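What follows is a group of structures, each given as structure tokens.
In what follows, subunit A forms one complex with subunit B and a second complex with subunit C.
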Partner chain A sequence: MSFSNEQMTRYSRHIILKEIGVKGQKRLMEGRVLIIGAGGLGSPAALYLAAAGVGVIGIADADEVDLSNLQRQIIHTTADIGRPKVQSAREKMEAINPDIKVNAYQTLAVADNILDLITDYDFVIDGSDNFPAKFLINDACVIARKPFSHAGIIRFQGQLMTYVPGKGPCYRCVFDNPPPPDAVPTCRQAGVIGAMGGVIGSLQAMEAVKYLAGAGELLTGFLLTYDALEMKFRKVKLPDKAGGCAVCGEHPAITKPFDYAPAVCNIEP
Partner chain B sequence: MILTVAGTKKEYPPDLTVTKLLEAEKVEMPMYVTVSLNDEFLKREEFDDTLLKENDSVEFLYFMGGGF
Partner chain C sequence: MADYAVDQTVDITDVVCPVTFVKAKVALEELDAGQILSIRMNDGEPVQNVPRSVKEEGHKILKLLDNGDGTWSLIVRKE
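Entry: the complex of A and B
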């Protein structure tokens, strides 16, 4: 692949970095990233990866844009209300960068489709908003040996970790099972500061870019936590993988993806 | 007894179990918190019986579900 003049200009701020260069940019342009969820985390991740020239970006989400999304889901605009999120997202991504290919999947990620969804991609970004989906994505990525970035955000807090097969613990090593529905706030009643999606979703995009370009150290074996009220980041070292982990352990009980019952949000929006 | 809890060194009373430390640190919903002790995951069933000792390092890892 040789670069056009336009590409040389478009990606000049990447190419000039010694950790990226022509080689790294080429790897980005040949890279394939799947983003699950076109919401608070997925929006900034999708915009930055499109701008970075990642060759093929998949985006999966079943929902339509709602007025209450716009406080944080910055890929969607007021005019998009009622439209499928993946369609709205694809338009913005292609408008930023006509160089890339966007695959829009208007579907919920479930046990029946998750392996098909992730199979063609090099890296997966978990931008889902519930524990059943987070465990499903983890299990599928461990089983299919796909690197992925996990993240969660709530109120003024966010955290993320990166899983790479054979390196460090998976999400289930850290949290062996989802909490019972409603035990831990996950739903809309808890609230979240809009810019939190920007901080953490951009960090997920950063992990994808570094993975594809082969630059620097990934967040494997660490959980990066961010507290916006105290303005404190912590890179918490995680233990090596749990030997008894049900999916990545030596004798895994989980050998194919399965669905947990969806969490019920029992408080009115 | 000096412990490092969530990256901060502090003085704690002796004979402290992990369960008591979770209480002392006012950790919300401790039954859903993952604890690592000296860089090893600790099973939830072990919280009650695990006595902390001088210079132990404890991390609390919290569920965070949203992606919104």
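Entry: the complex of A and C
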């Protein structure tokens, strides 16, 4: 692959960086990233990965754009209300960068389809908004040996961690099982500050870019938490991979993905 | 004529900063260590900045030749 003058201009700020350079940019252009969820986290992640020239970006979401999404899901516009989120997202990504290919999956990620969804990708971004999906994505990525970035946001708080097979704990090592339904409110019930998706989703895009380009250190073995009200970031060292982990441990009880019951929400969107 | 043989040539007179350096960097990337690249650039800003940036990347500058037509040729050995 050689660069056209247009590509050299488009990616000049990357190519100039020693840690990215020509090789790193080529790796980005040959890279494949799947984003699960075209919402608060997925919006900035999708925009930055498209802009970075990541060759193939998959985006999965079953929902349509709702007026209440627009406060934080910055890939969608008022004119997109009622349209499938993945279609709306794909248009913006292709408008930013016609070089890339976007695969839009208008579906919920569930046990029956998740292995098929992730199989063709190098890295997965968990931009989901509920615990069943987060555990499902973790289990599937561990089973299929796919690196992924976990993240969660609520109110003024966000957190993320990166899983790479053989390099530190998985999400289930740390959190074991989803909390009981309704023990933790969904962001629909609890609220979330709009820019939180921007901060944490952008960090997820950063992890994907570093992974593909082979630059720097990933957030494996650590949980990064962000409290916007206190304006505090904490990088918490996680215990080593749990030998008894139900999915990545030595004798895993979970050998294929399964669905937890979805959280019940008694508030209309 | 000189104590080196140019393996590859790249013309960066058709682009402006910072793509001048980017184009030179892409051309260097395609060479093997020890090979020689001749980079043709415009007088002024490129000739002030590109040699320095190439040097910072760790490559060896062998010569800067005035082509006499408002352009220069920077002879670089890839390290």
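Definition applied: the second predicted complex is superposed on the first by the 266 of 269 C-alpha atoms of A that agree within 3 Å, B and C clash if a C-alpha of one lies under 4 Å from a C-alpha of the other, contacts with A are read in each partner's own complex, and residues count from 1 in each chain.
As a working rule, a residue touches a chain if its C-beta (ideal position, glycine included) is under 8 Å from a C-beta of that chain, and two chains touch if they have at least 3 such contacts.
Since the model is a prediction, treat every value here as computed from it, not as a measurement.
In the superposition on chain A, A:P239 contacts subunit B only, with no contact to subunit C. Touch counts on subunit A: comparing subunit C and subunit B, the chain ahead is B.
Looking at the shared chain after the overlay, A:S88 reaches neither subunit B nor subunit C. In the superposed pair of complexes, A:M8 makes contact with subunit C only, with no contact to subunit B. Legend: residue contacts after superposition of the two complexes on their common chain; A:T220 is shown touching neither subunit B nor subunit C.
By the touch criterion stated above, A:N130 is placed in contact with subunit B alone, subunit C being left untouched. Legend: residue contacts after superposition of the two complexes on their common chain; A:V174 is shown touching subunit B, with no touch to subunit C.
Of the two partner chains, subunit B is the only one that A:G152 touches; subunit C does not reach it. Of the two partner chains placed by superposition, only subunit C is touched by A:K18; subunit B is not.
For the contact definition in use here, the subunit B contact set and the subunit C contact set of subunit A share no residue.
Interface of subunit A with subunit B (complex): residues 37, 39-42, 72-73, 126-131, 134, 151-154, 157-159, 173-175, 179, 183-186, 188, 190, 192, 197, 223, 234, 236-239, 242, 263.
Put simply, subunit B touches subunit A in their complex at residues 6-7, 29, 32, 34, 36, 39-41, 59, 61-68.
Across the complex, subunit C is touched by residues 2-3, 5, 8-9, 11-13, 15-16, 18, 21-23 of subunit A.
Of all the residues in subunit C, the ones that touch subunit A in their complex are 14-15, 18-19, 21-23, 25-26, 29-30, 57.
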